[in-house]
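By written order: A, B, C and D. Residues from 1 in each chain.
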């Protein structure tokens, strides 16, 4: 099971670029030749034209910002709220005994069913989309905080108590940094979820947003617009993911990553 | 590395935009009128999009300082729910939603109708040679949008009118236009009752034959013995009492648009040209639905009763439920609009 | 005793409090509706919801739909987890594949698969199969990422020792990686069952003759909040049972790990 | 058994004993029934004294330290810190250097040393200056901004020491702190500890299984029996100060004291190995 050395970054990027190019060409040819039903997947050239037109006419920006805003704000609030509940559960046993067993069941509830209620309470604007995203990612925040408190090194706990840390100081110097460190890794997987939540929220009811564009385009069989919406979502999510990757290397500089 | 620097730059701009966009959505200087549309871009709401395309909404803002915002919803019930909840002031959904809301104790008012027909049609797979009318659909698979939807009820009415027991047919919910197209191409259904632009697309495309058209007034009357009502404009009673002049202005816009459409009913190309940008209904789609359009939005009382009786017969309304027509329909605004010439 | 164990405040077990919470919450809900704080048009209230569930069970109406949704959910979950685990293994072993594929996977995971559902219907028709594929497409990424990180985190020392003892690749997989990954797979299943169920429900929303998604969508179109919430409550109960089963299985499969933590 | 009047008593006259245990006991009820770790332990530690606790591994030395630190409740008997009853954490006067270094991995060396000061509300600037002083004092100038994962074992141990000494606890508990270090680094750390102890005048309870280290460092050595821990013997170590831990090992007095204490310890080590 030889572990070849780290594949050079430039080579990896080259292969990735080649794969993307091959996929696009394949898609274009497949759609033209009829192997792929163009009514449903359209063609890269058509999708590119739509995106270019949206960018040039400035039509895209309010929608892009709305989706980005809903996803990022929802992600932040959801993770923070979830972590706060996690700490509460770990530090107040009474709350823990009630909340802990319910969490894994609640996490499996399809949020879409409660979206009309969210729209009633939070309105039609960004708030209801942020709410939907928050309820989806909150469980990641919760489990990360609970895991961080449960897995924190008992020795560090003893040391901090000896140094005279009050519960608040313990949270600030021990539990929060530990949770943050764990959260970073989970964060990147939840970025995708956050954007899906934002898009679905806009798909159910909205004034603007990429989900709104997709809903309108689908009813007109404008597949290029639909695929453009999907492509933009993926680009946006990938961009946020890249930013988080840089943050992760920066924030967890203290963690020595041992190579398996 | 360059890619990641680009990504960070891109995100920096976006976060900047987030900062600027936030306050903008907050402060609403101009009084805003929100209209819920569910689902968006369907031919059933042609008058709404026509009003937007003709610039009536823009005029309303300029002349009357009244900003109209359309809020899109996945389906009619979500749009009606938003109206009931107070997030919007008007909704363009159907009279059926008003009736169902009343049944659940929520008071809505139907102000004007877009169509006197049902804006739907029944088609059959082109290669099913032996099926030339709904009468031959016994035991076949018939596509509808979803169980309990308007298309489902329509299919039952058409089959019943052709002496076919609706229960002898297998109804296949095919969902929104994209999944409906997929179901059709995959021949998952033999026939389908659906809406434009899909109907015109499939018929003109040659993969479907029209076997019953409820988009025309004639087809509707033959089925229901009178006009029928599907989509239109509705609101809450408190909006009427709280802002009667705003309600009047909105109704005026729609009556004016309906009249404009009426005057162009022989020129679908001109209508298509005036649609708002991005809405690419072909003249053929428009022509197929013009016949069913209401001339001025007036709601005919007997049409209301037709809707109620058929809902009860299809088991979608509690037979014991009764509601006076004037609690369902508020025709005064249309009357005033017609007398006042309608156009702002 | 060299390291010494540093005790943390043991949680005092109070069964009474736990049992009381649910009835209190339901009572508050019913009260809030009766008093008018909550609008039953949206939230309904426990009594009519319970009445609906009882009626459904009596007429056997709910059984058919729950089973339909459950079948799609579990089939999709199984398919997704298996494919995800296999891909995760491949990614865990082949550095090249990992470095090239990972960015694509995260991007693909950010795409709302429900928008591509019409394509699935085109290829697989309107039967449960298209919904199973939809569910699998939602589950495969979390399963893959979890398996992959599980392999990467298998303790470096354990791997080295096994190799010293002469374990070749197959031996390593069976004795080292599989047990470690098995534990992670259980937690993956418990995490992704939510996505699986949401996928099944949304698939049924769009177009299905049977399934709780169809029941809930129909109820919503009729403005019957009690049926929407009754359907959701039934799903909740089913999920809770499945979760209970999973937890027991996980406990059994991970005896070695639990004792270490104790 | 003490052979001479150690100068230690004179310093103790003014304040109550730093640590006083009377009949201290501790048992754990494990799976196979209760296991006694400490039984009827009585001893006194005088302020400023460098006391070493020596005994076979697994005899309950660390448990005793945890009880004194207030991390672990005693099962029986009496414990007093400066006359006040023990059993709770005493950040005002007790410091603890663990065997495994307990540094917060996400804080740099300097931030770790600053932590106890920040927890006492010392303003940031002053904490930083004082911590910097201590980082240099333990010989780590230039490594202030390194993370623990980027430091060697010896360096991490120095930071642990600085982290404990910086808030000047009057009692310092040390649980085999240098056991994991190589011999050269260990001697270096031991000398530094003696220097810091002499300058700060604090009381040190130093647990070790290495008798040689105990004799080199301590004023007084208590030999504990195999589990459950009881006092086997209490020796004075009249070697004069200041000492160099490497040089002292060559002196005749050192070898003499070592041999005498080793007789007691050897029996306890044999006893504990037999029962294991």
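Convention: a residue touches a chain if its C-beta (ideal position, glycine included) is under 8 Å from a C-beta of that chain, and two chains touch if they have at least 3 such contacts.
Here the structure is a predicted model, which means the values were calculated and not measured.
Chemist: What are the two chains with the most C-beta pairs touching?
Modeler: After tallying contacts for each pair, the winner is A-C.
Chemist: With chain centres defined as mean CA positions, report which chain is farthest from chain D.
Modeler: B
Chemist: Whole-Å distance, chain C centre to chain D centre, using C-alpha means?
Modeler: 51
Chemist: Need the CA-centroid distance for the pair chain A / chain C, whole Å please.
Modeler: 18
Chemist: Report, in whole Å, the distance between the mean C-alpha point of chain B and the mean C-alpha point of chain D.
Modeler: The computed centroid separation for chain B versus chain D comes out at 82 Å.
Chemist: Measuring centre to centre with CA averages, how many angstrom lie between chain A and chain D?
Modeler: Between these chains, centre-to-centre, one finds 49 Å.
Chemist: Two or more other chains in contact with one residue: find those residues in chain A.
Modeler: 37, 40, 116, 120, 155, 158, 203, 218, 226, 238 - these are the residues of chain A that touch more than one other chain.
Chemist: Would you please write down the residue numbers of chain C that are in contact with two or more other chains?
Modeler: Those would be 3, 6, 42, 118-119, 122, 205, 220.
Chemist: What parts of chain D, by residue number, touch at least two of the other chains?
Modeler: In chain D, the residues touching two or more other chains are 71, 100.
Chemist: Going by the contact rule at the top, pick out the chain D residues touching chain A in the complex.
Modeler: So the residues of chain D touching chain A come out as 69, 71, 89, 91-92, 94-96, 98, 100, 102, 104-107, 115-116, 119-120, 147-150, 163, 167.
Chemist: Write out the stretch or stretches of chain A touching chain D in their complex.
Modeler: So the residues of chain A in touch with chain D come to 153, 155-156, 158-166, 169, 173-174, 177-178, 181, 253-256.
Chemist: Which residues of chain A touch chain B in their complex?
Modeler: The touching residues are 13, 37, 39-40, 61-62, 64-66, 68-69, 72-73, 116, 119-120, 123-126, 203-207, 212, 215-222, 226, 238-240, 242-243, 245-246.
Chemist: Per the contact definition, I'd like the list of chain C residues that touch chain A in the complex.
Modeler: 3, 5-6, 8, 11-14, 17-18, 21, 42-43, 93, 95-96, 99-100, 103-104, 106-112, 114-116, 118-119, 122, 141-142, 145, 149, 151-154, 156, 159, 163, 168-169, 172, 190-191, 193-194, 197-198, 201-202, 205, 216, 220, 228, 231-232, 235-236, 239-240, 243, 247
Chemist: For a test of understanding, state which residues of chain B touch chain C in their complex under the given definition.
Modeler: Listed in rising order, the residues are 75-78, 80-81, 84-85, 100-101, 103-106, 146-149, 171-176, 178-179, 181-183, 185-186, 188, 316.
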